[in-house]
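What follows is a set of notes on a single structure, which appears directly below.
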Amino acid sequence: MVRLTRRYRFAASHRLHSNHLSERENREMYGKCNYPYGHGHDYVLEVAVRGPRDAESGLAVDQRILDRLVSEEVLGPLDHKNLNLDVPAFQDVVPTAENLAAEVRRRLGDRWREAFAGPWPVLESIRIFETKRNIVELSNTL
Amino acid sequence: MVRLTRRYRFAASHRLHSNHLSERENREMYGKCNYPYGHGHDYVLEVAVRGPRDAESGLAVDQRILDRLVSEEVLGPLDHKNLNLDVPAFQDVVPTAENLAAEVRRRLGDRWREAFAGPWPVLESIRIFETKRNIVELSNTL
Amino acid sequence: MVRLTRRYRFAASHRLHSNHLSERENREMYGKCNYPYGHGHDYVLEVAVRGPRDAESGLAVDQRILDRLVSEEVLGPLDHKNLNLDVPAFQDVVPTAENLAAEVRRRLGDRWREAFAGPWPVLESIRIFETKRNIVELSNTL
Amino acid sequence: MVRLTRRYRFAASHRLHSNHLSERENREMYGKCNYPYGHGHDYVLEVAVRGPRDAESGLAVDQRILDRLVSEEVLGPLDHKNLNLDVPAFQDVVPTAENLAAEVRRRLGDRWREAFAGPWPVLESIRIFETKRNIVELSNTL
Amino acid sequence: MVRLTRRYRFAASHRLHSNHLSERENREMYGKCNYPYGHGHDYVLEVAVRGPRDAESGLAVDQRILDRLVSEEVLGPLDHKNLNLDVPAFQDVVPTAENLAAEVRRRLGDRWREAFAGPWPVLESIRIFETKRNIVELSNTL
Amino acid sequence: MVRLTRRYRFAASHRLHSNHLSERENREMYGKCNYPYGHGHDYVLEVAVRGPRDAESGLAVDQRILDRLVSEEVLGPLDHKNLNLDVPAFQDVVPTAENLAAEVRRRLGDRWREAFAGPWPVLESIRIFETKRNIVELSNTL
């Protein structure tokens, strides 16, 4: 059984602001990330999958399928976009790194079984590096 | 004579769109960077200065002065900001990495002599890493 | 449930030398790290915590609290310090990366519950990168 | 209990080509990695071990033993080599990152108990970074 | 006047072996790089150009043209290739990093004027990172 | 003509403190770097040389000679050492990055002609990365 991790990049902008909080609470909660016109990051996405090595090909996952899925479901909709304004999921949800990781997992998970047509590989974890210093992970084993 | 380079980071969003071009020309010229709601980067700024080593202190530049100047003139006004909407210089100027480097050099240059109170150090070059793959430099020696 | 990792840096010096070993045994055990006047590193610290995403804020941890705790308990006492001479815990304990990770975990753990005032987040693991090639981890799941 | 990870590098060339597949299937399966004369990478190897901290030395693993074992069993036989032509294990096995990780684990595992002469440390996982974007892990806990 | 640097990656294999030297001289000169079946690297290429900022677009170089030229002349012919066997220029020339940089400069230079259709930008320097530790540069100003 | 840069690493400790300054002036000038027991860094050294490509070997510098010279003159005397206490040059000279670069250049320069036995390569510049954010360069062209 092998864990394979692939790393992708996308640039996006966002603003952290919750409709459930007052202006003052927003500023206190999110600090500079609440500035009114937003800011941006070069996000790094790591997708980790688990599966058995195929005896013939020596591969644990068909990377062409994984790359196409990530491209269609994540990079296309998010790269060079404004998360708050371009992505429907963030109309009412604050685009924190935590929520972004959840949205990426949902997008990949919804088409996973159809894309790989079999029990393997399993989507194990999503990691978002918002910056080099702030990393969020969603995982089956948490 | 020594060259000293200090590296700083700031996160900002921008949109590349020129008022002198048609919608179609903008899309062709800037590609994904022209998407309507903007995107963002974790910019890296390198400021390179030149000066003699001080015989007593062994330093070529008083880093407290340099850091304060960069903080007041660059990081404060640009970090977690939208370059198009928050920075007056980019009201009519497209915030490309080239123009951003020029703006940073102008901001530091305007207060340089007053801040360092003497002929040294000389501000030699400004480098902006928009991403790891796209780097712009303005230098006295170009 | 989300795992959030934050990364910090500090520069410190140390010497690996055990009072329980002879001079010769110390040299054999620690090699260059036993040189008499010590040496230093730019340590990287990763603190990983686990908690549920808050529905309103979209955050799994209040980063202001975590950053303040790390600053007060780790960066203040260790940054630009000599681990052997400045840190009481290493008077009789060799400041290996393993022992340093344990000391950092103890320092954060002692004030964790008081600082976060609730069951979440849980302090999950401490990772110390002594160099890029030598990494030590203490974790609840080990 | 501590997890210690050490990182090593080696440069090697390989070609992905399976004798069980037709020319066309090979090209489809492996893409550019199937080009006839091979290509190469600067591989990064991470070896993670687990063990208790020794009370006297403060170390969880004798790094001299680990480094010697990795040098003799991995770096010597693989560094600056052609994986297909120089390494017997890849005569009939495709040198994918997955199979390379398995071969490294086998090589270290075969001599592990003899080298460390005791129950600790345990060899926990092998990670191969084929490139920065493609990472394979074999682990006891998978 | 602006210097713009763009960074590209390609994986290739090579063997350092000169027909003008004996077997023994080859081994002494090139060490492990002379092993008979070759090895490989993840090469990084930096192309630095110089030009004036365009007043309207704010750009110093049309990156679409540069990226296409590099893709056609360098990445296509070299990525995932064996430099000795796949690249005609290295039939009788040893594919050292120095010679590789010269070949890349020649390839870009031959089509530069035709591609950019004007005096700007000027191709200023080529840098090849063979590994992180070994970097070769060819420059107009050397 | 080629510029070749090689990168080396060493870990050392130091304290910035000038005998020509009062205690208070030292604290103001050097800040945390003046703490009494010192601290340390993982220094990166880049040595850049210039020379013609040899037509036969395709090399601009005999790396075995350069590596041996750096090992004997820099890494041996400085790695895992305390710059203030172990290095005679810093008995009365503050081991700032600026002075460290000058000391490294002096050490390499003193034996350069003897080591390379010919007019090429020329030692062009020394760069010291004290941290990722603070870089000092001494160069023939400054």
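Which chain is which? They are A, B, C, D, E and F, in the order written, and residues in each are numbered from 1.
Everything below uses one rule, namely that a residue touches a chain if its C-beta (ideal position, glycine included) is under 8 Å from a C-beta of that chain, and two chains touch if they have at least 3 such contacts.
Model, not experiment: these values are computed from the prediction.
Chemist: In contact with subunit E and with subunit F at once: which chains are those? Just list them.
Modeler: Of all the chains present, those in contact with both subunit E and subunit F are B.
Chemist: Can we say the copies subunit B and subunit F touch using the same residue numbers, with more than half in common, or are the two sides different?
Modeler: Because under half of the interface numbers appear in both copies, subunit F and subunit B meet with different residues.
Chemist: Can you check which chain pair, D-E or C-D, has more C-beta pairs in contact?
Modeler: Spelling it out, more C-beta pairs touch across D-E than across the other pair.
Chemist: Of the pairs A-D, D-E or E-F, which one shares over half of its contact pairs with C-F?
Modeler: From the options A-D, D-E or E-F, the copy of C-F is D-E.
Chemist: Relative to subunit A, which chain has the most distant C-alpha mean position?
Modeler: Comparing chain centres, F lies farthest from subunit A.
Chemist: Specify the chain most distant from subunit C by Cα centroid.
Modeler: The chain farthest from subunit C, judged by C-alpha centres, is E.
Chemist: Take the average of all CA coordinates in subunit B, do the same for subunit E, and state the distance between these two points in whole angstrom.
Modeler: 29
Chemist: CA centre of subunit A versus CA centre of subunit F: separation in Å?
Modeler: 43
Chemist: Indicate the residues of subunit E shared as contacts by at least two other chains.
Modeler: none
Chemist: Indicate which of the five shapes (line, ring, star, complete, other) describes how the chains touch one another.
Modeler: Here the contact pattern is something else, fitting no line, ring, star or complete shape.
Chemist: Would you mind giving me the full set of chain pairs in touch?
Modeler: A-B, A-C, A-D, B-E, B-F, C-D, C-F, D-E, E-F
Chemist: Which residues of subunit A touch subunit B once you look at their complex with the stated criterion?
Modeler: Within the complex, subunit A touches subunit B at residues 11-14, 32-33, 35, 37-42, 79-82, 85-86, 131.
Chemist: Give every residue of subunit B touching subunit E within the complex, in rising order.
Modeler: So the residues of subunit B touching subunit E come out as 16, 18, 20-21, 29, 31, 93-99, 101-102, 132-139, 142.
Chemist: If we count contacts the way the header does, which residues on subunit D are in touch with subunit C in the complex?
Modeler: 1-8, 50, 53, 56-60, 63-64
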